[in-house]
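Supplied in structure tokens, the structure appears directly below.
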Amino acid sequence: MSGWGFVFLAYGIVWLALLLYLFFLKRRARRVEKELAPLRSSAVKKN
Amino acid sequence: MAQAAQNKTRGRKLLGASALLSVLAGLYFGLIEAPPDAYQGNAQRIMYLHIPSILTAYLSFFIVFIGSCLFLWKREKRDDILASSAAEIGVLFTALTILEGSIWGKPTWGVWWTWDARLTLTAILLLIFIGYLMLRSLIEDETRAAVCSAVLGIIGFLDIPLIHMSVYWWRTLHQPPSILRPDKMPWENIHPSMLIALAVNFVAFILLYFYLLSLRFHVGEMEEEAKTRKLYRGSL
Amino acid sequence: MRIVIRGLSKSYGLVWALKQTDLVLEPGECIALLGPNGAGKSTLLGLLSALLHPTTGEVLIDGQRLDQGSSPLRSAIGLLTPSGHLYEGLTLRENLHLFNSLYGVKKSPQEIDEALDTVGLGRWREEYVSALSSGMKCRLGIGKWLLLQPQFLLLDEPYGVLDGSGVDLLESYLKRLCRSGGTVVMATHHVSRILTLCSRALILRRGELIFDEPRQQPWESFHRTFAEFLPRGDQWSS
Amino acid sequence: MELLRQTVWLLRKDLLLELRRRESVVAMFFFGTLLLFVFHFAFEIPPDRAAAMAPGLLWLAFIFTGTLGLTQLFQAERENHCLEALLLGPMDRAALYLAKVSFNLFLMLLVEVIIFPLFWILFNLAFWELLPSLFLVALLGTMGFCVLGTLFSAVTLKARARELLLPLILFPLMIPVILATVRGMEILLRTGQFEEAVPWLRLLVGFDVIFLTAGFLIFEWVIEA
């Protein structure tokens, strides 16, 4: 493995991991928003 | 209230965009613009990744410390969410830092892992972070989990200087100081464009870190809001 | 001792153990805390003794806010649970000596022995608590509070383990405490016993206070509300 | 003053319970000696290298025995909700912390006083005259272990998998103590002078002082949470 091999390995893993984390975070955010929307609207309706 | 939320999301999008831009710039400078190192060749380019990510590891530990202190003092759930978000991202960045360090070690020292002071310290930081997340997940009662994690956050942070001292003394005892010795910072006598690459990558990592942190914090706040709404829906 | 409770509530995760409650407990009152299992009686006792941290609201004792931590206010609060609060490995005397010094009450050893005699445990002075029956442990608990003289005594179902003379002992102590301006709150299921003793009754259901009236002789309102919780004969065979 | 009086009473209670039941001290002692035998079989220790490896092995044995003691530390309080009995009253929470630190320290030192000479005999080492100064270094190290160990024993008191969680959290934080104690002892064994090991001992004393005060201030919030 030449110098560049290691560089791409390191950069590849790091940015892949960060993108994956971002993806899961976005998905988690969407799920919470989906859960929160009815709660917010029902509360507004009631009081 | 809605107006403030809009500003926040717009702010976050702006932060995200600028983080993306600076990351691309960092990649450009790091991989293309900067010349290969005379001694290590191209493998040295991993430095542009490694040094900034070490910083984010320590930065996130500092934020966990701040969040923990604020929580113990004012007992506001917001600070606890800040601490737990910073810890989660901290674990990610610390783990990546160690990964980069060992990948960089292979071409430079020929081994995947050396008990070099910097790598050992980052590994210890990762262990403390993992302990923090384990503790938080293994205590059922919410306020108790928050208080106990805050205590670990504070004690862990106070321990860092002592760990630094003991590891460095121990290090200088055994092995002649390695290339990454802290007192000879890599940017003392290096090529100006390398310096630029390092600086750009620094900015990129900071922006990326705060973007992820604000996103994770926002998710944490929403989850907390969902919980309180479900709770109060019963008695409203 | 006057206790004011403002907007006190406690939630565990998504469940309300105790919903928003406002109460005033006057000095000299002996209050019965009734309700089915899981109604929040123990939670309320935990909040009143500051062993639990409320989700919202506060407890004021003689105007001072009671919160966790070692405040002198807490030397006036007592909590009697039949099984608990005694070191099994220590003898009866050592237990009382320990709590005597921790509460800074500074009672002499004679007074400690006297307290043990009054609760009928004089003979077991040097025995280990682990050797005692649960009834005797409850008597030791009474002896402990006789010694520490709290102004605000909370009891969590003491009748379950006490024998005849134990009940008389407890009730005479509670009467004396209420007469001297102390406040008593007892959570129990022995309705007939407590109704003769208490000056006021509270009924909790699913964390909500549904009944709060001082005692009066023809107490239809109490029996009407409480009828729902009385056992309805043998449910299993029908 | 009041704090000291309460600490002494609580310590007296713990010592009395331990004297009668003798659970912890016997378990810790036998666990310690067991570890010495395990080390003997696990590592092929050539006689000349034994002195160099002694500090590491000894301290490893002490840390594991200490962890055993820590998991049992609040056992008396867990029975019969005695912890609630203590928290109900106006007792100073820090008194409970100081009492538990000194109790665990006492247990560990008791075990160490026996295991030190035993180690010397089993691995037939010389340097008998160095034992007192070695013991002083171990004392400072054990103090550091107890100060943080007690705090985190309380932190993990009501956590699930408590016995697993405690070492997981405690050991990374103990690294300065481990390094300082083992290096300190090693230097003593190698050079025989005390001055050589002073920088490590200063680190140890610093660790003890910092975390004794931190524990003293924070313990109240942990135990009441």
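We call the chains A, B, C and D, going by the order they appear; numbering starts again at 1 in every chain.
Rule of thumb we're sticking to: a contact is a pair of C-beta atoms (placed from the backbone, for glycine too) under 8 Å apart; a residue touches a chain by one contact, two chains touch by 3 or more.
These numbers come from a predicted model, not from an experiment.
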| Central chain (by mean CA position) | D
| task | Can you check how far apart subunit A and subunit D are, centre to centre, with Cα atoms defining each centre and the answer in Å? | result | 43
| When the centre of a chain is set as the mean of its C-alpha atoms, what distance in Å lies between subunit A and subunit C? | 51
| task | State, to the nearest whole Å, the distance from the C-alpha centre of subunit C to the C-alpha centre of subunit D. | result | 40
| query | Hey, how far is the Cα centre of subunit A from the one of subunit B, in Å? | reply | 17
| field | Where subunit D touches two or more other chains at once, by residue number | value | 225
| request: Send over the residues of subunit B in touch with two or more other chains. | output: 141, 143, 230
| note | subunit A residues touching 2+ other chains are none
| query | All pairs of touching chains? | reply | A-B, B-C, B-D, C-D
| Of all residues in subunit B, those that touch subunit C in their complex | 141-143, 227, 230-231, 234-235
| Contact set on subunit A toward subunit B in their complex | 1-4, 6-7, 9-11, 13-14, 17-18, 21-22, 25-26, 28-29, 32-33, 35-36, 39-40, 42-43, 46-47
| note | Interface with subunit C, subunit D side, in the complex: residues 2, 5-6, 9-10, 13, 16-17, 20-21, 76, 79-82, 84-93, 220, 224-225
| note | So, in the complex, the side of subunit B touching subunit D is made of residues 72, 124, 127-128, 130-132, 134-135, 138-141, 143-144, 147-148, 151-152, 154-156, 158-159, 162-163, 165-167, 169-170, 173
| List of subunit C residues in touch with subunit B within their complex | 11-14, 16, 19-20, 53
